[in-house]
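Here chain A shows up in two complexes: once beside chain B, once beside chain C.
Entry: the complex of A and B
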């Protein structure tokens, strides 16, 4: 082994250690018997996992988070799929501007974006908190949807659509019977990615939550301000598991390389 | 009357004018090929006929109706793409049935017609396969069957064989021609393979920079090309500047720059210009031994330059008084570099452009 690759190995090990070690601590603490976060924990118990279900706020905000993530993702797909299609198939004036506009939520710092949404949706438009939260999430996950759908459209030969049209299918019909069935894996991936993003979002939600309407991550943050017990660790482990399962589904439908290319 | 008629059509991509005042007539039942170098506008012409692109100017008349503004899906034309463009999520059967289903054809009839068509293209046993489970040649035949099963008014093919190997190309082109004749379907065929195009077409349109330079039967284009470009494209590799001496009904006389006399058949004169180019294929020039022939008409003296082996013949670069000429000679004898030779250019083999 030469020096260069040895250095690389050490470097990778360090990086992974830093990434994984906190997760190990959290996981260990979640199943510990102590009343506070302690590593290594003393004893083994499921009581903190059980305690999650005792905290009524967690249950309620979990439901809201799921609702917002599911509806938001559906809305974003409804807007994102046609938008991605038009952006990738048609040349028109202002195309670059639109592309930039759709992708801007990733470029603007999320906290700035969240604050502007608060100003606009709640203060100016006087929308209810729940509606604002839904709109905010929809907007913030739209770029992911468009990115993923665009890249699966790009790998779909346009002449296949032209073939369908030449055989007598109109443009819209062609989209539904030819294009959509061939980009389903992209749609699934976009859905999951958007769902994870919405479910875990803090910087947008923190501005768009109010009395009675909050999301799980926000609730977790306020919980740790007052309690030091490992309930949060247990909850974190469950959330990690959920994300891992979803990523596993993506890996199965598309391969993770889909996002790195 | 022509079935298809493009009248003074212009097409541009932005500022790039690809077709300018383009005209094309095609008779019912004919297979017409568009032949030309890369980028000359063949695909553009085909896509214009198919309705995928719009003309800036001009008219497209089909079957005495104005088709200029008819959208693609209302045209009833079959289109075969270079990439085949099969529907990846549908089986061979469903690919071919696609057009019929859209036309609300009864189920029983769909089944009958699809299987008939698959039979014609020799894929009856493959109806349950998916496109990715087929070879290139099989995919191409599915694409053909899919376009033909709707009994299109016109069949458009864009280099349908270019992704296949040489042997299969020959086999498939015979197949395409056979089906085309059997179904008597008017066809426009785009290719840049000369042999392919000459072998299957009723008419060939040789295109250059968005203009049809010569539209005629393969035989006429091969023997008597109308322009310098076409001559060059179909293998007339030698051009000699000539000026007119006397024109007669049968045989006309021209002079080369160095004063040699050239007699040519008057039917081979394709331009009225005083100074004109005499074109001839390398394989039509005869090498005659110096001093062997007394007549000086249609001859040139030259010195053999480099030679190459073509398999059936040798090809020489011969330096003559009117420039370098490519000349083929048989394999009985290989002339050496620097050897003096006399070239004979038969009058019936020369074409004036």
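Entry: the complex of A and C
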């Protein structure tokens, strides 16, 4: 190996150290015995992991985050799968425009969208906070559903569908017994990706909190404002474990090369 | 489309986006130009007269630009390296970049609070080496925001570049070299022009992401280093000045749109030249 590519190798390893190192630090900090965040930590203890369960707000907001992410993802799948199917199945006038429209929520600054939802849904339309939170999350994860489902429909051979229809199966029946089973892994991947994005969302949720309604990331941010102890580090480790499991499922269904597209 | 009924399947999505995305957004934008007597731009004139707001706007643009440049400098060589490795190794590198991407931005920003804090690892090392006598203030300033934003968006830049670079044929590079080009020249003449599309996509993602990010500047910049997004939140939720918050929000949308259009136009010209 010549010197130039050795330089490139060292450079890349350093860049990756930068990417991974903070996550290692946070893990080490989670198991320290100090009463405040300090690095390197002194001693080893599980007390901060245990402390997560002492903070009632963490447990409550964790449940809300899960609920919103699951319901929101189901709603977005229900709305997104038919739309993605039409958009990839048929060539028609205005198709590109509609595709752009369905992907537009990712182009709008989320903080602006969150603020607009607060003004319009909660103040003007008097919607409950929880409902508004669910609506906001459904809108913002719809593009992920559309993108993943469209990309798995790309490799679907529509002549199978035509065959089923010409043999007498109805359009709707054909969709459920022919098309859907062929894109199962895409649906699973879309679910996971949308779930993660909803669960991690801050800029929309932060405007849509109210008495008794908040999400875990928002709760973590306000905790950090007042306490600088390793509880958040311990919680981070649990969230990273969850992320790792979900990433494994994405890898198995969609393949991680999806992210380089 | 043969069957008109098919359009009905698009309807739920269009209703959702119309009612809950476009109506709320347009009502926010409309509020900024509505005056007592018809339409007016007076709220914008007020904004651009206020030196405090201008300084925050310029800071936001500056930090987004610096973040994008650093992400390109770190991401480009790394992505090139990854794209030249074999499939198995490449999969590992992609996995290690996707993992932070899927991890909560609160967790990722918080990790830098641990590293840069008063008792963080940087201060501990510098103190132990007797380079400094008291802990440095590394948090709650522009530096911390840039570090946090680069950390947040570097994986996106790497992913965008790898996607394009892995399709560049190794033979092209060898051909250029065997015809007498130096390695560096071959890189500039062959690899770089072919990577431009990935560079454009990555830069747009990183720049607009940095321009509108909330979590990282809030946690690492605090109230000392405000940016546009944290100012929107402060005006909306602490000061209840919704007019100003709406003006800031609209300026943020317009800036994002303008920047995206300019970069895309430039990329059109660049690829037109080839």
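As a working rule, the second predicted complex is superposed on the first by the 255 of 261 C-alpha atoms of A that agree within 3 Å, B and C clash if a C-alpha of one lies under 4 Å from a C-alpha of the other, contacts with A are read in each partner's own complex, and residues count from 1 in each chain.
In this section, contacts are C-beta pairs under 8 Å (C-beta built on N, C-alpha and C of every residue); 3 or more make two chains touch, one makes a residue touch a chain.
Treat the numbers as computed from the prediction; the structure is a model and nothing was measured.
Visitor: Should chain B and chain C be called a clash or a fit once both complexes are overlaid on chain A?
Guide: The answer is fit.
Visitor: Touch check for A:246: first (chain B), second (chain C), both, or neither?
Guide: Second partner only, chain C.
Visitor: State whether A:168 touches chain B only (first), chain C only (second), both chains, or neither.
Guide: First partner only.
Visitor: Check the residue A:11 against both partner chains and state whether it touches chain B (first), chain C (second), both, or neither.
Guide: Once the two structures are laid over each other on A, A:11 reaches chain C alone.
Visitor: Quick one: chain B or chain C, who's touching more of chain A?
Guide: If we count touched residues of chain A for both partners, the winner is C.
Visitor: On the A-aligned overlay, A:62 touches which partner chain: chain B = first, chain C = second, or both, or neither?
Guide: neither
Visitor: Output check: A:144 vs chain B and chain C. Expected answer is one of first, second, both, neither. What do you get?
Guide: neither
Visitor: By the touch definition at the top of the document, which applies to A:195: first (chain B), second (chain C), both, or neither?
Guide: Neither: A:195 stays clear of chain B and chain C.
Visitor: What does the superposition give for the shortest Cα distance from chain B to chain C, in Å?
Guide: Scanning every C-alpha pair, the shortest chain B to chain C distance is 8 Å.
Visitor: Show which residues of chain A lie in contact with chain C when the two form their complex.
Guide: By the definition above, chain A touches chain C via 4, 8-9, 11-12, 15-16, 18-20, 22-23, 25-26, 29, 36-40, 78-80, 82-83, 85-87, 90, 92, 98, 101-102, 104-105, 107-113, 115-121, 124, 135-136, 138-139, 142, 196, 199-200, 202-203, 206-207, 217, 220-221, 224, 228, 232-233, 236, 239-240, 243-244, 246-247, 251, 256-257, 259-261.
Visitor: If we count contacts the way the header does, which residues on chain A are in touch with chain B in the complex?
Guide: Within the complex, chain A contacts chain B at residues 157, 159-160, 162-171, 173, 178, 181-182.
Visitor: Touching residues of chain C toward chain A in the complex: what are they?
Guide: Residues 1, 6-7, 9-10, 12-14, 16-17, 20-21, 23-25, 27-28, 74-75, 77-78, 80-82, 91, 93-108, 110-115, 117, 119-121, 124, 151, 154-155, 159-160, 162-163, 166, 183, 208, 211-212, 214-215, 218-219, 229, 232-233, 236-237, 242, 245-246, 249-250, 252-253, 256, 260.
Visitor: Within the complex, which stretch of chain B touches chain A?
Guide: 50, 52, 72-79, 81-83, 85-89, 98-99, 102-103, 143, 146-147, 150
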